[in-house]
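Here's a structure for you.
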Amino acid sequence: MDAIGIDIGGTKIAGAVVTELGEIIAEDRVATDARDSEAIVDAVVAMIEKLSDGRDIHSAGVAAPGFIDAAQSIVYYTPNIPWREEPLRDILAKRLDLDITIDNDANAAGWAEFRFGAGRLVSDMTMLTIGTGVGGAIVTRDKLFRGGFGAGAELGHMRIVPDGLPCGCGARGCIEQYGSGRALLRMANAIADVGGIGQALARVRDQKGSLSGGDLSTLIVDGDPGACQALRELGHWLGQACASLSAVLDPQLFVFGGGVAVAGELLLEPIRESYLANLPARGYHPEPEFVIAELVNDAGVVGAADLARLHLQST
Amino acid sequence: MDAIGIDIGGTKIAGAVVTELGEIIAEDRVATDARDSEAIVDAVVAMIEKLSDGRDIHSAGVAAPGFIDAAQSIVYYTPNIPWREEPLRDILAKRLDLDITIDNDANAAGWAEFRFGAGRLVSDMTMLTIGTGVGGAIVTRDKLFRGGFGAGAELGHMRIVPDGLPCGCGARGCIEQYGSGRALLRMANAIADVGGIGQALARVRDQKGSLSGGDLSTLIVDGDPGACQALRELGHWLGQACASLSAVLDPQLFVFGGGVAVAGELLLEPIRESYLANLPARGYHPEPEFVIAELVNDAGVVGAADLARLHLQST
Amino acid sequence: MDAIGIDIGGTKIAGAVVTELGEIIAEDRVATDARDSEAIVDAVVAMIEKLSDGRDIHSAGVAAPGFIDAAQSIVYYTPNIPWREEPLRDILAKRLDLDITIDNDANAAGWAEFRFGAGRLVSDMTMLTIGTGVGGAIVTRDKLFRGGFGAGAELGHMRIVPDGLPCGCGARGCIEQYGSGRALLRMANAIADVGGIGQALARVRDQKGSLSGGDLSTLIVDGDPGACQALRELGHWLGQACASLSAVLDPQLFVFGGGVAVAGELLLEPIRESYLANLPARGYHPEPEFVIAELVNDAGVVGAADLARLHLQST
Amino acid sequence: MDAIGIDIGGTKIAGAVVTELGEIIAEDRVATDARDSEAIVDAVVAMIEKLSDGRDIHSAGVAAPGFIDAAQSIVYYTPNIPWREEPLRDILAKRLDLDITIDNDANAAGWAEFRFGAGRLVSDMTMLTIGTGVGGAIVTRDKLFRGGFGAGAELGHMRIVPDGLPCGCGARGCIEQYGSGRALLRMANAIADVGGIGQALARVRDQKGSLSGGDLSTLIVDGDPGACQALRELGHWLGQACASLSAVLDPQLFVFGGGVAVAGELLLEPIRESYLANLPARGYHPEPEFVIAELVNDAGVVGAADLARLHLQST
């Protein structure tokens, strides 16, 4: 049975009708003002009504950044939208005649990847979404791992450096400060400052006022040594983090999604190198695969819809 | 239905008949030579035969240190016994008319704690066993978390210090080097070296030639400032590790077992302090409880028996 | 016999006719676009033709930044000009009826200093050119040391800090990041950020938008405590590097050239202090002299000409 | 023409008659008391007289540890024997009717390797002798590099860690503390302390009281994971040092001699890995070869003899 998936981002809301096989058969998108909580709810309701109109649909899943409770019901906290212990599921359920579930956006994306993308052949998968920050998702024994309060799999906030760089979460030394798109820009700027292999980075920065993720992507694709060195540094930190994650989670597969993951093998190669150099009990520990995510843009809505469909089936 | 649990340690094999409620109704114990793999198998077979003799028992679980595959069947690697890809379940099953399962010893202990001890009221629990090394167990949604290859929950080998102290696993900076009984002795020796609060530690060390775990326990119970400082240092490292584990696993409860955990609140207090100081998104993240394990000596055999009983029921 | 020396810089080409005694008897200079490789070759040819016109000259030496092969013939790599394995000597020799040699610019400057400047009384000298980056030259037993592939004496890229600041060469922790003019500006900016002795630096920075090398020079000459502290920090790093260089190269003399070296004794004093504090086998190891270069602006052309003259004599 | 080579070690004096092709045609050896300077001189004189008796020999070279002046004449300092500014060449020359030269022992060994061993096909070679300490030798343009005072090529005392481990030379962070046989023992002991892969090391240490270099060799040959991990760590530090040495010396070949070098490829592999990861301008810099020395035990006497023969020819 088809289901609706909604993905609430910082600047837009995306929605889609998704089949049991993960195919999108209708979609929608509106801009959003993250500071206006009521307007967001209204927009989500309107989008679900529009997408379900004339279709036999009984469930809708909503993905949002932040902490969601383990019952897929309450938004404890989102970084951008002013929701604190918001009973979002009940608010939506009162206005819609559908089974509603709420999920963390990285979890939704990871679940889509597990069901219909790079993870469809394994039972245990760990996904890192390398966007502005670092999101995480864990699948174990074919189930999404949520943790005891629903706030698990926040892999971007595992600490990898004691007293390291301060993080937006209030702690220090989190992976997010060494393995995110924002960290990549910091590393690229540091290389631009030193001349030599940083000259092309410095030239683009001078022309444009500052480096963007798009600038970096272009330079990486062109094989610029400075931009590639920044990516390699990022990959080394991520590989070290994956070595620790193997000790804890022991996945058969690591999947890398998000904007930075389009670098493909250029990102995976330093990750694998650094993973092996830091793997506990190397040689005795089975070694996982490292791959790039397949469902780049639609993972959030597809995963949210599938989690909603499964929730309805299990009740 | 009753089941048998066996716990293979470095110097002895312990066994027991365990009821569905976790009660031990018979037990046995023999010394063992860890280097003689065949003698260990013979001893396990003899112990199971003796314990099951005259009883209506259909399953036996064997706990051992090292990596066990996810199907509870093969010992990939043990640090002491020379087993490498040993098909221990088949070897035992050929000689015994029982349903046999093999499990990692820290997993067995964690499972016992979850079923019959400190974790019996929660669904998601993380346990750290602080013995000579640091073992780990994860329970999520009432199930033991094994990981994709069966080698998950090796929490002692999450890295907390880049390029940190070398670890027995071949990597560096693992929790085991900062949060184990062996680490506590190293910290205590360092304090004994510097005079001041280390004077009592130095005196005992001079008298006995070297400090033992028992010496430290005695000094901690007596409130000796040097020994208590070493314990506090250990607790601070463990609390930092738990902050990272919350980001990944988000348990409702952290349980501390093993010999060092008999220090009780003296250990838990610095763990909680340091946990809160390092918790990502503190204030927005639900906070778990920190408690000491309840089944100190019998956890291994009780957990192994219960896992065996559940395996038989599910087949 | 007189010879011609040419020095190809990032923004200009300088040339001169140089006597056997190192005197310049004619000179020329043109602006250059570093990205246009052919235009540079044309300009070099034109300048050599112009300078040799009507003179009895048989050799010309060309100095350029980057890696030059040990046979003084091929430019393997330059950071600014797009030359990669460029057979520059053959290209020029086809168009000019002279014996042509190619040399690294820091080597040429060091050779001039050895022959006609601060190093003329010793047989073994090490020179560090402290400009935007850090260049190096080594003379041993009265001969220029080139290394097995011609890429030796890149003293700015000896590592002094493991996992240190990223360098334009792609590695980390190179002297160039701690002992160059660019490093001096970074240190001065850091001091400007903290108030106190950094107040004058901060005031100039606010007025001009950013600090320049010239601003620093003025403040150092005026005895500003912040600017002098930055110079002292630079000198301490350079002194540490010289201690390592003594272990390897054991020169009788260290010479410091480049723009930052105009600071004179203000630079040499912290270098000597830090050198002695870090010298292996201090007290048993003969101690070298530390001096400022004498041929500040002309060193490149004078050295290139002399190396060309010597090459012609030896063939 | 044949020449005599003498190698004064800490516990013995070795001597040989060596042909122009580096072949040993006679040899001798006596035990020595390093504290008795006069007895050593007497023993050297006696050995040279004995070896030259009845042979047409006109030169003898003496290799000793420590600083020797560039004129191959005076021992400035030796770590074991109480020689300080000892005019050893004149002392010996008065008692022997031969042309005498004095050379540093690592230089003599490096020269032998260059002339008759692993370096015979190149012009520029750097050798690291990995014994109890770390010795060095540099050959450039087919000549031994001595430095301005004769104390160059002390490669073991290039600093690789600022404020690093204290060194016997009085400085800190020297390669010798991270890349010598003594460092290897320290690393192996640290691994023995942590259990796991260190168990075999710990067992041998317990049996024998302490670990020796021979114990480590045996365990490395057996593939023991703890001993191999210590060797890998040593290799990684040496590779980092070689990356810096390439920037300064740019040899075509790195040769590794001394007792630790018998580990062969097990040592070279981590050196190469770490060298490439830290090489400045990787990709643009020609890459040297890394090999094991060929003349393991006789390098000192062979090199000393050849340097003496060449000295006589050049006078």
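Labels for the chains are A, B, C and D, by order of writing; each one numbers its residues from 1.
Throughout what follows, contacts are C-beta pairs under 8 Å (C-beta built on N, C-alpha and C of every residue); 3 or more make two chains touch, one makes a residue touch a chain.
Keep in mind that this is a model prediction, so the values were computed, not measured.
Contact with chain A and chain D alike is made by B, C.
If you compare C-D with A-C, the chain pair joined by more contacting C-beta pairs is C-D. Averaged C-alpha coordinates put the centre of chain A at 49 Å from the centre of chain C. Distance between chain C and chain D, defined via averaged C-alpha coordinates, is recorded as 33 Å.
Multi-chain contact residues of chain A (touching two or more other chains) are listed as 196, 225, 281, 283. Listing the residues of chain D that touch chain C in their complex gives 67, 76-77, 84, 122-125, 136, 138, 140-141, 143, 145-162, 167, 169-172, 174, 240, 243-253, 278-286, 288. Chain C contributes residues 79-80, 132-133, 165-170, 176-177, 182, 186 to its touches with chain A in the complex.
Those residues of chain A that touch chain C in the complex are listed here as 187, 190-191, 193-199, 225, 229, 233.
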